[in-house]
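In the two complexes that follow, chain A is the common piece, with chain B as its partner first and chain C second.
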Partner chain A sequence: MPTDTKRVRGPEVSQSPVLFGCRPAAVLPSHGPRADGRQRDQADVRPVFVRCGLVSQANGSAYMEAGSTKLMCCVYGPRETERKDETDMKCGRLTTDMRLAPFSCPVRGSWIQGTQDKDLSLMLYESLQPAVCLQKYPRSQIEVSVMVLENSGSVLAHAVTCASLALADAGIEMYDLVLGCSLCQDAGSYVVDPTYAEETSCGSGGGLTVAFLPSLNQISGLQSDGEMSEETLTAGVRTCIEGCYKLYPVIQQALIQALRRAAPPPSES
Partner chain B sequence: MAVDMRLPTVKSPPVSVLDRKDLVVPGDVITSDTGFMRGHGTYVDEDKLTASVAGKVQRVDKLICVRPLKTRFNGEVGDVVVGRITEVQQKRWKVETNSRLDSVLLLSSVNLPGGELRRRSAEDELTMREYLHEGDLISAEVQSVFSDGALSLHTRSLKYGKLGQGVLVQLSPSLIKRQKTHFHNLPCGASIILGNNGFVWLYPTPGQQEEEAGGFYTSLEPVSLSDREVISRLRNCLLALAAHKMLLYDTSVLYCYESSLQHQVKDVLKPEVMEEIVMLTQQKLLEQES
Partner chain C sequence: MATVQVSEAEKVYILHGIRDDLRVDGRGCEDYRHMEIETDVVSNTDGSAKVTLGHTAVLVGIKAEIGKPRPMVPNEGYLEFFVDCSANATPEFEGRGGEELGTELSNTLYRVFNNKHSLDLRSLCISPGEHCWVLYVDVLLLQCDGNLYDAMSVAIKAALFNTKIPRVNISSDDEGGKEIELSDDPFDCMRLDVENVPCIVTLCKVGHRHVVDATLQEKACSVASLLISVTHKGAVTCARKVGGGSLDPESVFEMTEAGKRVGKALHAPLMALLRQEESLGMKRHKVGFLG
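Let's look at the complex of A and B:
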């Protein structure tokens, strides 16, 4: 093959610039306050920003930011199921699809849904499904899709919160809102609502994500990995619930605000 | 071509008389008094009446309902709907009517050409696609509601049937005021079908109706420019009214049309013009009431 001399050709072997970039301090302090000034061993969640109704095409949508974790969720439906072979038509179907955008993590991902995304979708489904009154929607399906725009830790927990907000915005009947909170354990102490750096640095310690129905006081989803003793797990769940209660008024306010914006015409009676 | 550009402006918070007490989110306890009855959008959990949708609480005597503000169409028998055919099946058409499930239009509940009392033969089943095929718009009435909430439609009147030339505007179903008639020939030279499902159809007022066709005849004559202008203006007026959450019925649409006459058709969609027109409409409606 003739070589094009006018063209600058790159080296035969190339390396990702990420390899050369200076890594953030890999060792995070395991004692004292955390990198962003929050306390350890306390339900100290990051401040959140939530808004409903940013996607006009969807029936309901929500956007959420916690620290620099940014994600958006759209809800389509209820609409008629495309698949007719399901024998159980008495209750509706909830489908979830959660994706991490390729640019969301420090290392670029692909647009194709990977195994991580599929796992997250499944866990999202399991957390939301008990809260939605699916028996009210026979033969229908409700689609929930979450797109993570920036992954800065506790993605699943915030996806659960955001999705329940979008479902409520779509006017779908739910027993309760679902709130998510997660924590990470490293070296004897735990950090609530961990950032991406904290999540990756405490590899050996366990992680825990809880989906919680605040006014029914029930847990709809619990996901935990790594090593954890029984006592720390129970204590961790309790701390997560505490974290959820901190989010609750913010989420309620956002929903009320969205409702007020879509205030109905004065009813003529 | 001149392009209208504007800077972002601070949205003034909508004037709303609703206070925090009226609005609930799923999981909010409405009352723990057992003397109330459970309506739509609520459920009972350990004697506590709890909301299951985000919306406004409505109380009628002892019945408590929560009305979601953003909702799909919940049809009732007798509602006029405008819908689009999505599928042709055995003896039935599937119609998209903005409700939770696709509605059904049975072959036996349409007026076929050739008289009311015509027997429906197997041949009719084969030629169903000739009457209505996928993508056609129809106006119909809700005949019955199935147990799962799906609607059964009928077009057994000459006013219902296939829609020909016109403009479809899709709005929220809660904006349409329920009235005796949803078909109006507006004096401005166009006709309007206000579907209860939030689909509004604007079309030039037909001249002489060809009755034999039984609702499947669609006029393909060219529509004059003036008629098209009137229809475009009406469409923009409807969008203006919907943007300001005004109830839609013949009088409000007509007043809005009249107040918009001083502006060009395309200007009606500008936010400030929209606001002005809607204000004028509200004023006229108030004057008419008193």
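Let's look at the complex of A and C:
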């Protein structure tokens, strides 16, 4: 291809300006109330909006909003396994697929599933699997797919909640709902259900995500990174559990509402 | 992962043993198996170590290459992890079979090192914004007999201790261009401070108790395990639940406490051993792979 020699060509490598634009966000206040008015060191979760049954083709689906984190989940199945060699005669197979939409983060991602997405899918799988009665679905598979439309922090925690709601909507037998909650720890204090800015600014502290089965009182998923002492970790897990209990009535309400809509009670007349 | 078939009777035997703090191979609940560590086993690497833990064998090689620092942190180098599950370990890993486990392991390693104190990344910087050392940590699983995480983390710590990065001189010429010059002397090298590098402790919940360093048989009896990475000071840099089951919050707290205790106890003898091996210098009798 002939090149235009008169033209001033840009540099060969370039970086997104967003990378440098994010910098001021690193100086969020480390004490006092948070940017959105919530309290520190308390299980102060963002208000959530949840609704079941948005996707008509799927057996079950759910949409969830927490602050501006938006995600949707679809459940397909139980149906026959596609690959015959992986058919399990005794119990069903659960597959999870979690993706962040390319436009969900400040920096554009790619459509191809990266290692981060794979890691999230695995964490989602490990959190959901203990709750699903897979032995009731021999020789079949249940597919759970989560799409994050807008990432505004605590994606994994909300994905767990949303996925369990979609599973319940699909009528899959479960021992319990799975609720997720996460927190970020930074210099002596912690913030529950952090936003994207809070997540990225907590450089020195750590993050923690807990998946919890509320009525069985069991932890089905736990993941932490960054440096924290054992006491902070224990306290963090306790706070996350508290946060999950705050979410519980909202999720129950959404399920009841979905059921009412699917089978309206007989009219009084 | 590599799994074994365990019959119901065997399971009961293992479970009852663990209840009475006596495991099939005679260990207590918080004891490791016999561990062998040898550093500097592969001459083509900048640092290497081989760890055998029972029948689990892991080989770690570290290569240092000059790369470009990440734009967000211009004054730091970085680490890249890659875990290869070769078909040597089990036939299940043939082809792409080991890929899933490999990604899982390497993602966990990234998380374990995702903090400021594990390794001083600033010492890997050559010139801010332009050049830095990139450490490629390649882990090779040679044999699988349970507890891959712990063996892997010990091997990485040993290999990082052994890593010798050549010293560089930066000279700038008249036109302002910079030139990097590597030292010719193989003994003129930079060492890493591995004091704060964490070790992973995996605790398997078997029955009502939890065991450290589970064999494949014991792993088959457990529903879920908790892995935590602990530094020598007892700080936790990563915690994760692995496996299909769920855990009681109380037992999670118990397991973190036990993990911290075991992890702290693991560091001091490991460092002493590495220093002792180092002090032997060239006189050291190398064992290699046939020992």
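Everything below uses one rule, namely that the second predicted complex is superposed on the first by the 237 of 269 C-alpha atoms of A that agree within 3 Å, B and C clash if a C-alpha of one lies under 4 Å from a C-alpha of the other, contacts with A are read in each partner's own complex, and residues count from 1 in each chain.
The definition used in the following text is that contacts are C-beta pairs under 8 Å (C-beta built on N, C-alpha and C of every residue); 3 or more make two chains touch, one makes a residue touch a chain.
Since this is a predicted model, take the numbers as computed values, not measurements.
Q: Looking at the combined model built on chain A, do chain B and chain C fit side by side or clash?
A: Verdict on chain A: chain B and chain C fit.
Q: Looking at A:D225 after the superposition, I want to know if it touches chain B, chain C, both of them or none. Which is it: first, second, both, neither?
A: Only chain C; A:D225 stays clear of chain B.
Q: Is A:L233 touching anything from chain B or chain C once the two structures are fitted on A? First, second, both or neither.
A: A:L233 sits against chain C, while chain B stays out of touch.
Q: Please state, to the nearest 10 degrees, the angle that the Cα centres of chain B and chain C subtend at the Cα centre of chain A after superposition.
A: 120
Q: After the superposition on A, what does A:R260 contact: first (chain B), second (chain C), both or neither?
A: Touch partner of A:R260: chain B, not chain C.
Q: Mind working out whether A:L213 is in touch with chain B, chain C, both or neither, as first, second, both or neither?
A: In the superposed model, A:L213 contacts both chain B and chain C.
Q: Between chain B and chain C, whom does A:Q129 touch in the aligned arrangement: first, second, both, or neither?
A: It touches chain C, and chain B stays clear.
Q: Applying the document's definition of touch, where does A:I241 land relative to chain B and chain C: first, second, both, or neither?
A: Second partner only, chain C.
Q: Which holds for A:D119: it touches chain B only (first), chain C only (second), both, or neither?
A: Touch status of A:D119: second partner only.
Q: With the two structures laid over each other on chain A, which partner does A:I172 touch: chain B (first), chain C (second), both, or neither?
A: In the superposition, A:I172 touches chain B alone.
Q: Nearest approach of chain B to chain C by C-alpha atoms in the superposition, in Å, rounded to an integer.
A: Taking the overlay as described at the top, chain B lies 15 Å from chain C at its nearest C-alpha.
Q: Both chain B and chain C contact which residues of chain A?
A: 131, 213, 216
Q: Applying the document's contact rule, which stretches of chain C touch chain A when the two form their complex?
A: 71-72, 103-104, 106-107, 111-112, 114-117, 224, 226, 231, 234-249, 252-253, 256-257, 260
Q: For the complex, give me every residue of chain A touching chain B.
A: Listed in rising order, the residues are 59-60, 78-80, 89, 131, 133, 137-140, 168-177, 213-216, 251-252, 255-256, 258-265, 268.
Q: Can you tell me which positions in chain A touch chain C when the two form their complex?
A: Its residues touching chain C are 15, 19-20, 115, 118-119, 122, 126, 129-131, 203-204, 206, 208, 213, 216-230, 233-234, 237-238, 241.
Q: For a test of understanding, state which residues of chain B touch chain A in their complex under the given definition.
A: 14, 16, 18, 20, 23, 25-29, 41, 43, 45, 50, 52-56, 67-72, 100-102, 148-150, 174-175, 177, 245-247
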